[in-house]
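Chain IDs A, B and C follow the sequence of writing; residue 1 opens each chain.
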Amino acid sequence: MRIAAQGLTARHPAAKAGSAPALKPAGLAVAPGEQLAVVGPSGAGKTTLLHALACALQPAAGRLELDGIDPWTLPVARLQKLRGRLFLAPQAPPLPPRQRVITAVLAARLPQQSLAASLRSLLYPTGIAAAQAALAQFDLADKLWERVDRLSGGERQRVGLARAIVSAATLWLVDEPLSSLDPSRAALAIDTLTRVARERGVTLVTTLHQVDVAARFARVIGMRDGEIRFDLPAAEVTRVRLAALYEQREHELGAPAPEGAAAGAAPPAAMRGR
Amino acid sequence: MNAPASKAPPSRCALCWFLAGLAALTAASFWTLDLQWAKFLSLEAARKMGRFLGELLSPSSEAVFLRRLTLASLETIAMSALGTLLAVFGGLALALPASRSHAGGPARWRALTRLVLNGLRSIPELVWAALLIIAAGLGPFAGTLALALHTTGVLGRLFAEAIENAPPGPAFALRVQGVASGRIFLYATLPQILPQLLSYTLYRWENNIRAAAVLGVVGGGGLGQMLSFHMGLFHMRETSSILIAMILLVAMVDIASYLSRRLLQR
Amino acid sequence: MSANVSVAMAAPASRDPAWTGRVFWMFAALVLLAPALALTEFKPWILFSAQSLQSTRNFVADFFPPKIEAEFLLLVGRECWRTVAIATAGMALALLIAIPLTLLSTSVLSISALPGRMHALPFLLRQATRWLLILLRSIPELVWALVFVRVVGLGPTAGVLAIALTYGGMLGKVYGEILESDERQATHALLRNGAGRLQSFFYALLPQSASELTSYTVYRWECAIRSSAVLGFVGAGGLGQQMDNSMKMFQGSEVATMLIVFMMLVGVADYASAWLRRKIA
């Protein structure tokens, strides 16, 4: 899917009308099948950007085009259909605790399923093989029949990523996919995501806390205080640029900072989207 | 822990007014109701009561009657179970339009559905039964429907609250994917609130067994119908057996609910 | 744990392992449902038989417009007040039953239990009191009302007595549970210093749980209003008795008025009780 945004501005739904927008006017052009990483300190507006691209947040100003169509001019039914081709993976994996992994993974196929088919799938899952294949990519094949609340945090996060693979989307918007994974699992997860996206020609936009992982992407965007500070090929993202981006937030640049501490330091005007 | 230190004491005067109002209400109640204490405390009433109680001490235990009694007890349980089951479906069907699926959602039917739920809930089972007898005739069917209608109101409201209080994350993820709201409920909201719905349902079922036992008094079937029949004809031995059956039924429900709660807590 | 994982790794089932369980429970539900449907004579179609539709239509058509003659409204208003009065008087008597029985049954106030085990006699007394409360509670108020209508005749006396007995049992049981679940130290300290049982109750046990007790009492008062309206159906006075009369005469318009008034009454009681409980908490 092709993304084109000009002057895209977005405000968190809970924010006051007069406050500074969480995403200041941003321009962005992404070609179909392109893969890019978004880095920046906490509260930089990375999540808000993803939500705006996912049509989860109506832009306060500016223009967004997905495959040449402005989604917000579409009638509701067409907009829903378009949303069925997007996949947003929130940072906290959105899995109901008492659901089984298989059901949680197959839920990504709901946009393409009729109500009758989705009811039937609750009774006896349809697409066991696909779900199992997707989980196997993340080394989770044995968890297929487990309940979500029996999984560890990292396993839950990987189940959330397996959902993307099962979905029929052509644009993946992945928020902090590695936040609770250990380094080796993180490498596997990011390799799988990029490889499958490349095979299917899916456009992949992912926010990342770990700048070293971002170096694996061809294109890196740096954000701070709701603005896009740089948009460069990975090779040109130097230490100096990163240091400038993370100025006075150096602790986040080094080791991945624990979530709680980072969120606490975020300025209130640029609230992180949930 | 130290409540008095952290909380300002309620103003003395408000408490005085509250107590005075309460006393006035109670006094007015006793004064305006022509309560026949003289009659109640008279020797004759005492004798009547004594005879009544004496007759209750010899319950009937004829095999034929006991079989009917067992059947009526089973009927009572079946009425309550079926009424609750119908109410679960009715309550869910009404709870969906009665709840705002997400903050800022449109919820066009919310106010109207909540009004309907309140109406269903505020009319007690017994009144529903008395009304439904006109359409459904005497018997357990009217009682079952009456339980179902009242319980639909109660459960619908509780379910709607549970839906609105469910964590929004999973539903958000599916909504962003353009999934229709019915499927969002099935795959994201329902699995999260299922234990809560289950415990509400069990609690209402417990209540409904008690209610079903007396619905028959207005003709709604079950033990109550037998009771009012035999009591009306002054068959005291049968009445006594029916009362014992009722007490046993309620005690069984109490014990079962106590045990199941213990089990669930573990 | 690790053994489990390795086994599962070797052969991840490609069939849903929960399926057999689901099928079993569905069958079990069907097997239970069939007799329940038979026992309750569940025949929804009779609702739509010509005869039943006719009588329903006649009755419901009579609902509109509800009867609003001044004289009738006055009568309904009076019955409304009687309903509230029966509930309030019943609650007052219920408190008279519940409070002494609660004091008798709470083991926190036991002096003999202070050093260790309770003596046999007080233990038996407490257990007996508890059983009495449970017995009072487990007979529905409607049944008590039926009994008292036989003894004292039709009228509010039977309703007041019925509410007093059932609610006395309920209040006593729950009061006991609230008191037992509270912190015991303050009460025990007073008892150990030689204070009497009632003194310890008023100075330690009551202040701790006063708001919870009051809140539960207010909630029960709300329930009592609901049930006093229903008690009228067996002749215990109040709105229910009027409604029963009108229903037996197929006076749809009167029933409609009373249903509306009844819903309003329940709504007001609901609101008042919620407001009071918020104030107390």
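By our rule, a residue touches a chain if its C-beta (ideal position, glycine included) is under 8 Å from a C-beta of that chain, and two chains touch if they have at least 3 such contacts.
The structure displayed is predicted, hence computed values, not measured ones.
A.B. asks: Which chain has its C-alpha centre closest to the mean of all protein C-alpha atoms shown?
C.D. replies: B
A.B. asks: On a CA-centroid basis, which chain has its centre farthest from chain C's?
C.D. replies: A
A.B. asks: Hey, how far is the Cα centre of chain B from the one of chain C, in Å?
C.D. replies: 8
A.B. asks: Express in whole angstrom the distance between the two chain centres, defined as the mean CA positions of chain A and chain B.
C.D. replies: Comparing mean C-alpha positions, chain B is 47 Å from chain A.
A.B. asks: Cα centroid separation between chain A and chain C, in whole Å?
C.D. replies: Those two chain centres are 51 Å apart.
A.B. asks: Under the touch definition given earlier, write down the residues of chain A that touch chain C in their complex.
C.D. replies: Residues 100, 102, 123-125, 128-129, 132, 141-142, 144-145 of chain A touch chain C in their complex.
A.B. asks: Quick one: which bits of chain A touch chain B in the complex? Just the residue numbers, please.
C.D. replies: Where chain A meets chain B, its residues are 13, 54-56, 79-84, 86-90, 92, 94-99, 103, 107-108, 110-111, 113, 115, 118-119, 122, 167, 169, 274.
A.B. asks: Across the complex, what residues on chain C touch chain B?
C.D. replies: That would be residues 33, 35-37, 39-43, 46-47, 52, 55-56, 59, 81-82, 84-86, 88-89, 92, 134-135, 138-140, 142-143, 146-147, 150-153, 155-157, 160-161, 226-227, 229-230, 233-234, 237, 240, 243-244, 247, 250, 255, 259, 262-263, 266-267, 270, 279 of chain C.
A.B. asks: Residue numbers of chain B touching chain C in their complex, please.
C.D. replies: Touch residues, chain B against chain C: 10, 25-26, 28-30, 32-37, 39-40, 45, 48-49, 52, 71, 74-75, 78-79, 81-82, 118-119, 122-124, 126-127, 130-131, 134-137, 139-141, 143-144, 210, 213-214, 217-218, 221, 224, 227-228, 231, 243, 246-247, 250-251, 254.
A.B. asks: Along chain C, where are the residues that touch chain A in the complex?
C.D. replies: Residues of chain C touching chain A: 5, 8-9, 12-19, 22.
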